[in-house]
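Input: structures, listed below.
Across the two complexes that follow, chain A remains constant while its partner is chain B and subsequently chain C.
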Partner chain A sequence: MIYYLQLTLNGIIAGSIYALFAVGLTMVYGVFRFINFAHGELIAWGAYLALLFTQTLFTLPIYHAVIPALALTVVIGLAQERYVYRPLRHGNRITLLIASIGLSYLLRNAIRIIWGSDLMTYGLRPMRGISFAGLSITPTQVAMMVAAVFFLACLYFILTRTMLGKSLRAVADNMELAAIMGINMKQVSFTVWVLASVFAGVGGILLALDTNLEPIMGLTNLIKAFAAVLLGGAGNVWGALLGGLCIGISENLGVAFVSPGYKDFISFAIIILVLLFRPKGLFGVLRGIR
Partner chain B sequence: MRKLTIILTGICLIASVALSPAMAAEVVVGAVTPLTGKLAVYGQGFQQAMLLALDEVNASGGINGNPMKILFEDNTSTSKGSVSAIQKLITINKFPVIFGPAASSNFLAVCPIAQQNKTILIGAESAAAAISKCGSYVFRVFPSDLLQGKGVAELVQYLGYKKLLLTYVNNDWGVGLAEVFKKQFLEDGGQLLDEFSYDEGKTDYRSEILRIKKASPKAVVNLTYIKEGATMLKQAYETRLDVQWIMGSAAKSPKLIELSGEASEGVIGTYPTFSQDTPQYKAYKAAWEKKYPGKKTPIFGEYNYDMVKLTAKALRKTTSMSVDDIRNALINASKGFIGATGDKTFDANGDVGATYGRWTVKGGSIGDYK
Partner chain C sequence: MDYLLHILIIAFIYSIFAISLNLELGYTGLYNFGHVAFFGIGAYTSALLSLAGMPVAVSMVCGMAAAGAIGAILAIPALRLSGDYFGIATLVFAEMARLFFLNERWLTKGPMGLPGIPRPAWIGGGVAALPMFLIFCAILTFAAFLIIRRLTTAPFGRALKVVREDEYVAQALGKNVLTLRIKTIAIGSVLAGLAGGLWAHYITYISPGDFTLTETILVLLCVVLGGRGTNWGPILGAFVITFFGESVRFLPIPVDFGRVVAPLQGMVYGAVLILIMLKRPEGLLPEY
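Moving on, here comes the complex of A and B:
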């Protein structure tokens, strides 16, 4: 029993990271109607920038390095929008998609040039986990869950309690109508990119704290984020959150029944089933808060 | 007049080309070597070691009185470059014997070409197990990864673990290695508590660790790479899984310790090695220092040295310069051939045996396990 509980707990932790990635991805989709492939690179850049600020020039402790790292990740996110996506916004959706794939290569290889392809770490000592009732969890994992809850709560507050959040939801619902109603599109787009970048950056840093840094860390996790987005219904923020948790839990629990070598199979089987039977996502019907 | 000059020059050229091999009667072997590109740092060392062996061969009478030569073709450290280099050596130079390129992927790219064209291909640096299946004309003086499976089984027996858990990376390399290990381990009377593979390149192996924990083994054989190994060690440490980890040589790197910190403490593994106390190795080292004073012996240099020496022995013994005769001579010459890197007797796959050293992590650095 404890075994399954522990697997579920591991699933929740993995899922909360997937959720952090998926929320940003789905928000950009909700407003601009395209899948940003370069979202994964925001994850990796967040992690690498935190590394930069802990190293040679700055030697900040990691929890201080997070702040400038996130700020710079936001700058990259905004630059993506300003110099690539905005000029192409009125083009074909495929154009945006291809541009984002190109951007993803550019940003990923920039990491390779600056830091090399080798694995890196923040150099923190591994810590023994905390045990309670037979379950074990590490301080980093606790931080991951706390950060995920904190940032998602902030998101909930922004989306439901502020004018900005309401206009964001209005734009996601119908961009032209929202513009006619006098909603400031620039402000909305700014907010979406800042939120998406911060969520990606935070997720990236937490992931790197828990494991390592490598240039393709964003790409590998982006696929899980895609799965979460699809599961929740593209553009649905709460759907993405639940989708992330679902994927995390199901793939971790699955280990009890199939070889862990096929762990990814579980999440992709779910995607295919959802696409076949509930193409709008499991939570598409509920409509949730967009 | 002009026309005549051209014709005369032409005749001279043809004559010189046609006559030169007959006059010098050199025995030439081709070599696809990374002289530029990312492996160039190593390639230069390989080349120097080969030339060292070549000097010794020619000093002791060459190939039955004729000088031996190696024609080096650069492969720019890529598979593509290796393919065009070997195609030139096979179709234009028509060499019966070619020394293959470093890096298993490059070697695997050229081995079907050599096999198809019935050209002998010998490798000195490639470890991939798949090379054993390249064909009857492909040989290597470097031990196959597969042998490591046996090496690990011997280590386990030495450590006295009768029951353990086996886990490995889910790819050709991991699965192949695990099969060999399992066979040997079960033959030795061992018992597997659980066995599973896991995906390469992931960042979260906690569920895998839990599965290990569930079987509560004393020791875990994990056939893994640096990144996966380090992540698992770290996450095992965090989840308080305290077992004896046993690994292969692919995880033997200071990077493993850098990535997993004190979680890597006490890991034991094997790696292919050879004794540096043999007269053969000492002779190689002395010869190297004489020819290249002040230079350190290069990585895998001794394997390249053995490869050239063994090839020369075969060429001296062959009854004719036809490929099949050379191939037979090579197999015969290898029997009991003790080079700087030990016994180079080829088995049915053109592979050599290996002896294994044991490594461990102690006090944050890698050393020999005693």
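Moving on, here comes the complex of A and C:
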């Protein structure tokens, strides 16, 4: 019993990170109506940039390195929009999708050139886990949870309590109507990309704190984010959050039943099942706060 | 000289692979981002059967049949999805197939791969057989080209283009959109299976690492560079990409930087893909 509880706890931790990835992806989808295949690369770049700032040239402690790393991730996110997606926005949908696949491939290989293909870590000393009631959790994992909750709370505040968040939701609801009402589309687009990049970068750094960095991490986690987004209903921010948690928990609990080699298979299977049986997402009926 | 033969063989195999993707992506407008799965299914089926002692020709046909059957079965549920979602589903399917190859060690030997796949008996192995293998690949490419040209210039091809442009118009004209799409995917998967079988029997060694997103990007690049929805486009694209990829080997790169060659190539492929989409989305040979 305690074994399953531990797996669930690990699942919640992983899931809160997946939720960070998924909210950005779903926001971009909600506003621009296209799936950014290069979102995963923002995750990986966030993590690698933090590594860069902790290493030789800067030697910042990791919690300081986060800030310049996130700033640069945002620059990458905005550059994606400015130089690739904006010129293609009014074209054929397939050109946009193919361009985003090309972009993700470009960025992933850039990581391999700069940092190589080997596994890397931030080189933090492993810390002893805290145990309570038979469950164990490391301080890093606690920090991950706290950070995830903090950032998601900020998002909640921005989306529901600020004018910017309201206009963002209005655009997600109906772009033309929002434009007619005088909502500044440039500002909204800017906000969406900043938020998506920050959340992807934070998630990537947190994930790399607990596991390690590898160039393929963008793609692996993009698929998890896809699963979370689809589970929550594309474009639905709170759905994506719940979806992320569901993916994390089911993946970790699933390890109890299938071989670990198939761990990623679980999120794939969820994607396929959701697409087939609930294309609007599990919470599609609720319509949630968009 | 032998090296040139090798490049030409690879280019022909990729031509078949690109022709098959072009039928789905270019003519019918299906965003198949997991086409490499069918290449892999064809390669593994054919390799396993021939290793078990079947003649190469028979096992290649079985590989094509397996790829086609799995494609058709997958298509029925997946085609309920539209556009982008179909893209995600196929991308995910390709990753699932790769995980399957990687984890089912009893069948595929997992990451070790399958060595010693026989060449066709009447062609024989070794360098001496390269010209024969080249002719074999060229004939098959030509056959695939003719079949697809026949299909796409026939009313069937025009129906596919209508489906691509507007599926409701196609429906209103009395075309069964679902059947047309399933047929496209079945034919495309059979040809991808053929390309995979040729690949396995030519290289004589396959492992799950041969069937990743990289191959999907490469074949996608061949199709969009050459020209979507044209008959010659994918072949042109496959030749350009293969020769470009191999030419990188001749650059005077210091040994210390050897490790950056493959990622650099990948970056160029990604950048070219973006540039084509931005500057010339119709490719080198435009459809109209």
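In the analysis below, the second predicted complex is superposed on the first by the 290 of 290 C-alpha atoms of A that agree within 3 Å, B and C clash if a C-alpha of one lies under 4 Å from a C-alpha of the other, contacts with A are read in each partner's own complex, and residues count from 1 in each chain.
Operating definition for what follows: contacts are C-beta pairs under 8 Å (C-beta built on N, C-alpha and C of every residue); 3 or more make two chains touch, one makes a residue touch a chain.
A quick note: this is a predicted structure, and the numbers were derived from the prediction, not measured.
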Contact-wise, after the overlay, does A:Thr121 reach chain B, chain C, both or neither (first, second, both, neither)? first
So, does A:Arg108 touch the first partner chain B, the second partner chain C, both, or neither? second
For A:Leu88 in the superposed arrangement: first (chain B), second (chain C), both or neither? second
I'd like to know which partner A:Met163 touches here: chain B for first, chain C for second, both or neither. neither
Across chain A, the partner (chain B or chain C) reaching more residues is C
Thinking of the overlay built on chain A, is A:Leu57 touched by chain B (first), by chain C (second), by both, or by neither? neither
Now for A:Ile223: first (chain B), second (chain C), both, or neither, which partner does it touch? second
Which partner does A:Val255 contact after superposing on A: first (chain B), second (chain C), both, neither? first
Applying the document's definition of touch, where does A:Ile180 land relative to chain B and chain C: first, second, both, or neither? neither
Going by the contact rule set out at the top, does A:Phe268 touch chain B (first), chain C (second), both, or neither? second
Overlap of chain C and chain B interfaces on chain A (superposed complexes): 259, 261, 264
Inside the complex, what are the residues of chain A that reach chain C? 34-35, 84, 87-88, 91-99, 101-110, 112-113, 116-117, 219, 223, 226, 230, 259, 261-262, 264-265, 268-269, 271-272, 275-276, 279
The answer for chain A against chain B in the complex is residues 3, 6-7, 10, 13-14, 118-119, 121, 123, 125-129, 131, 136, 138, 140, 207, 210-212, 214, 217, 220-221, 252, 255-256, 259-261, 263-264
Listed in rising order, chain B residues that touch chain A in their complex are 170, 196-199, 201-208, 210-211, 214, 226-227, 230-231, 234, 237-240, 255, 258-263
State the interface residues of chain C toward chain A in the complex, per the touch definition above. 25, 29, 31, 33, 77-78, 80-81, 83-85, 87-89, 91-93, 95-96, 99, 102-103, 213-214, 217, 220-221, 224, 259-260, 262-267, 269-274, 277-278, 281
